[in-house]
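Next, two complexes with subunit A in common: one pairs it with subunit B, the other with subunit C.
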Partner chain A sequence: MSGQLIINGIVNASLIAPPAIAFSLLFGILRFPNFAIGAYVTVGAFIAYALNVGAGMPMWIAGLGAMAGTAVVVWLSDVLVFKPMRGHTPVTLLVVSIALALIIEHIIRLFYGADVRGFDLPLERPIKFAGLRITGEQIDIIVMTIVIGIAIHLLLQYTRIGKAMRATADNETLAEVRGINTSYVIAFTWFICGALFGLTGVFAGLDLVIEPLVGWYLTIPIFAAAILGGIGSPYGAMLGALLVGLAEELTVLVLPSSYKIGVGFVIIAVLLLIRPHGLLGQPEIKK
Partner chain B sequence: MAEDLLEAENVCVGYGRGDIVHGVDVSVSAGRIATIIGPNGAGKSTMIKTIAGVLTRREGSIRIDGREIGGKPASEIARCGVAYVPQEANVFRQLTVTENLQMGSWIEPKEFDARYEKVCALFPILKERAKVRAGNLSGGQRQMVAFGMALMVEPKVLLLDEPSAGLSPAMVEQMFDIIKQVNKTGIAVLMVEQNAMQALKISDHGYVMAAGQVAMSAPASELLDSSEVSELYLGTRQ
Partner chain C sequence: MSAYLISMATFVGFFMILALALNLQWGMTGMVNFGIAGFYALGAYTSGLLSVKLGWPVGITIAMSCVTGLIAGGLVALLSMRLREDYLAIVTLGFGEIVRLIALNEDQITEGPRGLKIDARPFADMFDRETYPLVYLALVAAAVAVVFVIVECIRRSPMGRTLRAIREDDVVAEVLGKNVLRHRVQVFALGGAFMGLAGALYAHYVQNISPEVFMPMVAIFIWMSVIVGGAGNNWGLLLGAGVVMTILEGSRFLGDFIDFLDAEQLSAIRIIVIGVLLIAILRVRPRGLIPEPKFSFAASSTEQGRQPSTENAK
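Showing the complex of A and B:
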């Protein structure tokens, strides 16, 4: 029983990890919690749905298309909404991002209604091993999340643009003074994060269902993972996702499963009380 | 007349509505050091930030090597050979010391190895603490990272905002020695300093700024001898 819960938890964590990394990267540069991330995930799910079911493309092409399409949508949300508002307080931007999330959600409803949908995939039996079940799609999600985690690590640590991303997140003025074109770096960060949100939409469509609120349900666990790991720290976000993913599933042992959705909130609340900079984050040192 | 490497003419700049700097002229030629002194709020840091492009001038002309840079973004001004060291937040705290130095040679990454050896010869501590995050260093060591990063640019013009701030007296001396040493290689240095006396001693020229204007511009030795300057700004009486 609990072995199955751990498997479910790992799948759950793999779903949360890429958007938590993306949320963390965006927060590092923009310094406000972007509540539109759930809507971005939904956009990814519906682009993949349109390509897979609407246009009849194979799932992997639909997935890549969703990543590219969501990257563009997410980047446009910066160009049209957040960039003109840069310099406003984080609270203002937070409210703006909630408004943006509602607008995106309703645009999707306009085209697709509120129906629950799924991808057009051949039915497969779950793989059974020692009484545990896992589907082929869930294995794909876990493997791809691990690959993404490693890729993001390599990007940030060893590539020129990755170092520029870290430098810009750390001290934008100084990065600019040293010759880094920070507006280019910020646009690139939005693109990368957009692709991660798009991919999450595909994962959500595979593991959950496709509907206009699918991303919204993931928002709180994503926030919890990013805050738990230490906001602004992509490695922390990976660790946070694993812990939140497992915690959500394992509470089923002691509480009815309808309380699962509250786990993220509890983690956020407790953490903000005892360790506001998260597990791997650096506390702000004031001189 | 030889063209000055850095020439700022009639620069006006401010935050929000009002101007903080009203029509300031500053110039430095290659291999010379100029220092701006003056009371707090005189607009010294604002002036140096404007030359670096962190703030944008409202009026006036700023030229490097005869090329107009006024109004350009900071990243482009950096590419004209200007290295600015802010007074605060002058290192990337989350990056290691070596990564900070890499950011210094961002524009010319191929030059990193050669410049790294030169800079570490000036500040051996940067090599010892290569893998430490800059945010975990002491204030003095951070100042060396900041200065080392600027030298990694191999700039034509070095802009320093309070290079001695937060340093122990012995390190202040060392810092000024290094500025002098670097300057001898032909770099034009413009700095803002509270430590006016020591700064003027290594400078060729001095500006006294007050209320957003240049109140006095004279060779550094003259300012050091002037009784008015020493009473008002150097804290010494004759």
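Showing the complex of A and C:
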């Protein structure tokens, strides 16, 4: 029983990890919690749905299309909404991002309604071993998340643009002074993060369902993972995702599963009280 | 139609109480609260359950709603002592969702999604069915007036200046010897009590409460009211609450003219309009339609009637 829960937890963690990394990267340059991330994930799920079911394309093309499409939508959200408002207080931007999430979610609802949908995929038998079950799609999700994690690590650590991203997140003015084109770097970060959100949408469509609120239900676990790992730290986000993913599934042992969505909040509240800067984050010096 | 207007005005009243409470917490003190729906639900269920399950008189159950709101507000504020404001946003949002989850899942007590039926209404036996909606509107209006006077008194008092100091820079306020934590807990608890009051009044008005009413969306509407009206300004947000409600309800009538959209699509468009307006107002008038008056020493002294002669110098 608990072995199955651990497998579910790892799948859950693989779903949370890519957007948690993206949220962390975005927080690094923007310095406010972007509540629209859930809506971005929903956009990814619906683009993949439109390509897969609507246009009849194979799943992997639909997935790539969703990543590209979501990247553009997410970048546009910066150009149209957030960029003109840089310099406003974090709370103002937070309210704006919530409003943006509502807008995106309801534009999708306007065209697709609130029905629950799924991809057009052949039904597969779950693989069984020692009484445990896992589907082929779930294995794909786990493998791809690991690949993504390594790719982001290589990008940040060894490429020119990755170093520029870290420099910009660390101190934008200093990076600018040192000759980094920060507005290019910021746009690039939005694109990368958009692709990650789009991919998460595809994962969510594979493992959960496709509906206008699918991203909203993931928002809180994503926040919890990013805060748990230390906000602004991509590696922390991966660790945080693993812990939150397992914690959410294992609470089923003690609480009815309908309380799962509350677990993320409790983790956040307790953690912020004990270690406000997260597990791997550095304490921020205030004034 | 006039019955509809009366009911709409009553709902504007609930919005106004919530907005005044949020203005106290955020507009004046700078504490973010996205758990408004949670406090609202707590008030509604406290009063509803005490009246249905224990048969307490309505006056006492409404008072108890304020008390639970007060206690919950105080506890959430204690959480905030080490939190930055954007983290507090997440914690309060979580509080609201957990309250809703409990109301949804503990259905032996709260009736869950079936909805809790509440028969008791204040002063119900003193008036007939025709005039009762007007009486209730008057009751809500009186509650708005009381909350408004309390919040406005706090704003003009020395405590109000301390709160603004905390909002602008809590470190400076602390250095000046103000007890920042105590002020924050007090203000958040009082705001929670007002939200509980609004919830109780709502519960006895609609007489059937269920968890889906208390979605996080409620918080957005109230934030919208405060931001549109002008944060920190109590008059402005009364206007703001009216504007938001008019958009929400007024767009219902669009359905009579646009027949190619169904109800689902119309409600989606309504939310899109609200969202776009919110962003547009924050872009164009970040301080709201009626901004908080700029603080000046002369203005503050005339306000207290100490130096009426400087009034012209404002």
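Worth a mention:
Simple rule for what comes next: the second predicted complex is superposed on the first by the 284 of 287 C-alpha atoms of A that agree within 3 Å, B and C clash if a C-alpha of one lies under 4 Å from a C-alpha of the other, contacts with A are read in each partner's own complex, and residues count from 1 in each chain.
Throughout what follows, a contact is a pair of C-beta atoms (placed from the backbone, for glycine too) under 8 Å apart; a residue touches a chain by one contact, two chains touch by 3 or more.
Not measured: the values here are computed from a predicted model.
Residue contacts after overlaying the shared chain place A:Thr182 against subunit B, while subunit C stays out of touching range.
Contact comparison for subunit A: of subunit B and subunit C, C touches the greater number of residues. Once the two complexes are overlaid on the shared chain, A:Val95 sits against subunit C while remaining clear of subunit B.
In the overlay built on the shared chain, the residue A:Asn171 is in contact with subunit B alone; subunit C does not reach it.
Looking at the shared chain after the overlay, A:His106 reaches subunit C, while subunit B stays out of its contact range. Once the two complexes are overlaid on the shared chain, A:Arg86 sits clear of subunit B and of subunit C alike. Common to the subunit B and subunit C interfaces on subunit A is no residue.
The residues of subunit A lying in touch with subunit C in their complex are 32-33, 81, 84-85, 88, 90-92, 94-96, 98-100, 102-103, 106-107, 109-110, 113-114, 220, 223, 227, 256, 258-259, 261-262, 264-266, 268-269, 272-273, 276, 286-287.
The touching residues of subunit A, counted against subunit B in their complex, run 160, 163-164, 166-167, 169-171, 173-182, 282, 285. Listing the residues of subunit B that touch subunit A in their complex gives 52-54, 73-75, 78-79, 84, 86, 89-95, 99, 102-104, 106-107, 109, 135, 149, 153. Residue ranges on subunit C touching subunit A, taken from their complex, read 26, 32, 79, 82-87, 89-91, 93-95, 97-98, 101, 104-105, 171, 217, 220, 223, 227, 264-265, 268-269, 271-272, 274-276, 278-279, 282-283, 286.
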